[in-house]
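Here the chain labels run A, B and C in written order, and each chain numbers its own residues starting at 1.
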Amino acid sequence: MSAIILFMAGIAAIAGWWLSQQRLAAKPWLEEGVLVDLREQSGSSPPTAKIGLGVFLAVVGSLFALFISAYSMRMTMVDWRALPVPALLWFNTGALVLSSVALQWAYTAARRDDIDGVILGLLSGGASAVTFLIGQLLAWRQLAGAGYFVASNPANSFFYLITAVHGLHLMGGLVALGRTTSKVWRSAEVIRVRLSVELCAIYWHFLLLVWLVLLGLLTGWTDGFVDICRQLLT
Amino acid sequence: MAVAIILLLVAIASVAFHLFSPWWWTPLASNWSYIDHTITLTFWITGAVFVAVVVFMAYCVLRFHHKEGRRAAYNPENKRLEWWLSVGTAIGVAAMLAPGLVVWHQFVTVPADATDVEVMGQQWQWSYRLPGKDGRLGTSDARLVSPDNPMGLNPDDPNGKDDIVVQNDDLHLPVGKPVKVLLRSIDVLHDFYVPEFRAKMDMIPGSVTYYWFTPTRTGTFEVLCAELCGAAHAQMRSKVIVEEDKEYHAWLEKQRTFAELSSPRSVAKVIYKTGSE
Amino acid sequence: MVDVPFDTVAGIPPAEVGEVDLYHPKSWWTRYVFSQDAKVIAIQYSITAMSIGMVALVLSWLMRLQLGFPGTFSFIDPNQYLQFITMHGMIMVIYLLTALFLGGFGNYLIPLMVGARDMVFPYVNMLSYWVYLLAVVVLVSTFFVPGGPPGAGWTLYPPQAILSGTPGQDWGIILMLASLILFIIGFTMGGLNYVVTVLQARTRGMTLMRLPLTVWGIFTATVMALLAFPALLVASVMLLLDRLLGTSFFMPTLVEMGQLTKYGGGSPILFQHLFWFFGHPEVYIVALPAFGIISDLISVHARKNIFGYRMMVWAIVAIGALSFVVWAHHMYVSGMHPYFGFFFATTTLIIAIPTAIKVYTWVLTLWRGDIHLTIPMLFALAFIVTFVNGGLTGLFLGNVVVDVPLSDTMFVVAHFHMVMGIAPIMAVFGGIYHWYPKITGRMLNEVLGRFHFWVSFLGAYAIFFPMHYLGLLGMPRRYHDIGETAFVPASAHDLNAFMSVAALIVGFAQLVFLFNLVWSLFKGKEAGGNPWGAASLEWQTPETPPGHGNWGKELPIVYRWAYDYSVPGAAGDFVPQNEPPAGLLAQGAGP
């Protein structure tokens, strides 16, 4: 459970940092009149939808941290037999990186009010995300073809489950991306979709980050790191 | 007025119930009197807090309930009082926690001279295994379970040959000797629970858990399953009979070992089967 | 007094849902059924939760009939008994209490109390309710599938939850897990709203330290729920795959009814860790909103500001954070590494300190107050009695070695019913009696209300206080019939019968309550806008019940905290949060 504890500590740190700016030591019964809090003082508090996405990402992060916890807890048992990672995953990772880059590009285009750039970025980002998903499916088929079925070993089950959950989140992102694209298509006013594009880009970067962590875990790269952590703890 | 009296009555009735209740823990039959003492201590501390809070509430309701012209005092906080209460609470909590942790340390530290006894749970019965003359238990595996070998013992393990297997019968233990109870299950979670011994621990398929105790008085004690294990959970019963050394050995003589129980034919069959895998 | 630069404030636009973004219903359907108005969603959540709660109440009657009079009722067999306890527990904890506190109270009170027009994502909020309703429907459907609902206990521990020795392992468990997954998805949608609304949509002047404690409680509980429910999601998904695809996340090599199964290599303890990583915060997800509501009820009805507001806020935050590092105290006898016991016993008992502080501040708020013994106040008093009782028995179970003899006995059942069953329900009732006038414009009937209160409080106490002693005796939980057991005296059966009779009476009192809810809707006394003389913002709406958008043309501006009762020098015994200070009016800067 160390991964989720670490994650929660991170969340607690953010929450603590935020609370520390909210004058929690104030004596509210002495303070009559209009008080201005951080939201208004800074004048440029982030838009509500962005904060909503931030909270949602915390929830998704907690979900993946829990999967990682379960995985690393199971991994320590003696009968663990990791499955060979198909080479295709490297190609898929490349596609996902490309997708993230394309969306970042769309976002910078949106800030420049470059509508064509936005459309190009969104479409190529979507296309490479779909490529990633298809690649993942092919990787599954390769594994199944080589006899690594979902139920034949806990390591296999974890591999299929974690990649599936990540893929589902990306599909959810694709729905949002599709809506944004159609909005851009219809309205042609970049200012009205800038926020949507930005939110998509943030979500994509987040899923890329999650994927890189998962990839490290599944390929065993992080084993050394995990060992070090365990030695520190014991 | 009525509300205050009823609140007071709730406090008084709770204390009276505690003092005069005929339902109290079963007479202890193991060395874990420390657990009972810790519970008693916890009852005193928590009982005092409960009565104090409820009586104080009753007093407030009686003294400060709304009357024409009453106005509440203005009292946003009292730092000093709050800190005193916090420190007092912390002391009370520490007074319960410290003995608890000391006793827990004893509970998880098995004495070196404890004898192993294996208890195996399955839906919905108990089986027992005692080490033979060599004092060691053989290994086991759920994969080896078969009608001839219902406990899944390893026929190839020399330590296991002389193990004494007790099935469909009660467990006997000698009084005054520490026992390390090794717990395992071949299907679902169970929990070997004898109220008089105070100790309990879940049994998990795939691993072996344990606890230890020393039976301190002779008698027959009922075994229950304390972890929900399916439809007949409530019927999963057995008995532990604690007796003097002499009677215990007389009983032990009559028991059969794993080697005796498994006829040569069935042993050969099991070996053949595992060998072929 | 703090110097507040009034002139700098003028240029800042109030934080609110803009008139453009505000959702406007176009037809009867979108106004009352597929509504995006948080107040309507709150009522939908509450009615659904209370309906499914009635099912759980009936199940508890059946369980008590069986326990009090074993063998008398031939229509309850051991399998059904296990199904009853499972469904009763799951419904009460998740589908009733979580949904009612966060979906019901949260939706209604957060926008009103922080001075917002609505939740910040109304469409997602609406979806949240409909997904929740779907989850409830799927849950109820388990009663009608072959094999019936699951009977694995509400903790759903594998391996037995999905093996054939347990009732409901074919369809029931699958639908139960599917329903939980739906619930979590629906809750996440709602939870995002509650959190972001508190973060973003507070009206001008509503700093965090001016929030009523109800909002603090619901807000913190929602943050915890958002982070903790994924653990249940992970556990449910993995268990579902074990059941459907034959994976072995939680399933070791094992024998099912004498046959070796194809499972192998999984860890049952892993499920318990995941389940309780959700399960313990869940206790506080239910308790923190109750804490908040009780604080507000006591303050309003004792006409006195809440004592130690700052301590209360800090305690809520501390409890929220600590509750994530105590989960394994549910697993002291699960066979996990015994050394964890030292750590988790310590953290568990530490959490008792902020909790105790909350109790002290409640009773000290009563002290030298002007206590109006209204029905909400009575429920608040009952909450304190039951919560203190249940909280103190928690010190037994949290102290690892004391837990060893008591775990899995009726002591545990009595403890958690007292602390997270009866006490939060008292807060729910108190809250309903308190806010019903705001929601409907009418008061609940006083006579029926007092009857309901006394029967519920004293009856529930009579059920669960003696139950501790059955556990002390050693009576295990989840037994449909203890039967002939050497250490159980005959008098214990009489006590069981007494508790059953009390449970039936308490149950029927709830029917009186439901009748009161409906009857008062039409015949209740007109309440007016602020019948209790409360200072917090929800009582200051221009209309009662609050209209669409809550505040009419202009959002309220907040000038003080929510607890200005019996302020020396003030004219009345309360000052509304949006009443400008005298000096400000003279300057002409007021609304």
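Miscellaneous remarks
Quick note on the criterion: a contact is a pair of C-beta atoms (placed from the backbone, for glycine too) under 8 Å apart; a residue touches a chain by one contact, two chains touch by 3 or more.
Heads up on the chains, UniProt names are A = Cytochrome-c oxidase; B = cytochrome-c oxidase; C = Cytochrome c oxidase subunit I.
The shown structure was predicted, so the numbers you read here are calculated from the model rather than taken from an experiment.
Of all chains shown, the one whose average CA position lies nearest the global CA mean is C. The most distant chain from chain A (Cytochrome-c oxidase), with centres taken as the mean of CA atoms, is B. Taking the mean of the C-alpha atoms as each chain's centre, chain A (Cytochrome-c oxidase) and chain B (cytochrome-c oxidase) sit 45 Å apart. Mean C-alpha positions place chain B (cytochrome-c oxidase) and chain C at a centre distance of 31 Å. Those residues of chain C in touch with two or more other chains are numbered 266-267, 305, 309-310, 563.
Shared interface positions of chain A (Cytochrome-c oxidase), defined as residues touching 2 or more other chains, are 27, 29. Residues of chain B (cytochrome-c oxidase) found to touch two or more other chains are 76-77.
Of all the residues in chain A (Cytochrome-c oxidase), the ones that touch chain C in their complex are 1, 4-5, 8, 11-12, 15, 19, 22-37, 39-40, 43, 45, 48-49, 51-52, 55-56, 58-59, 62-63, 66-67, 70, 73-74, 77, 79, 150-151, 153-154, 157-158, 161, 165. Interface residues of chain C facing chain B (cytochrome-c oxidase) in the complex, by the touch rule stated above, are 78-79, 82, 151-153, 157, 159-160, 163, 165-167, 252-258, 260, 266-269, 302-305, 307-311, 333-335, 338-339, 341-342, 345-346, 349-350, 352-353, 356-357, 359-361, 363-364, 366-373, 378, 381, 384-385, 388-389, 392-393, 395-396, 399-402, 404-409, 458, 461, 465-466, 469-470, 472-474, 476, 478-483, 485-487, 489, 491-492, 495, 563, 565-568, 573. Here chain C touches chain A (Cytochrome-c oxidase) in the complex through residues 1-2, 4-6, 8-9, 12, 15, 120-121, 188, 191-192, 195-196, 199-202, 204-205, 207-210, 223, 226-227, 230-231, 233-234, 237-238, 241, 245-249, 262, 265-267, 270, 273-274, 277, 305, 309-310, 313-314, 317, 321, 324-325, 557-561, 563-564, 581, 584, going by the rule given at the top. Residue ranges of chain B (cytochrome-c oxidase) in contact with chain C, taken from their complex: 3, 6-7, 10, 14, 17, 21-26, 32, 34-35, 38-39, 42, 45-46, 49-50, 53-54, 56-57, 60-61, 64-66, 70-78, 81-82, 85-86, 89-90, 93, 96-97, 100-101, 103-105, 107-108, 122-124, 141-143, 145, 147, 152, 183, 186-189, 191, 193, 195-196, 198-207, 209, 220-222, 224-235.
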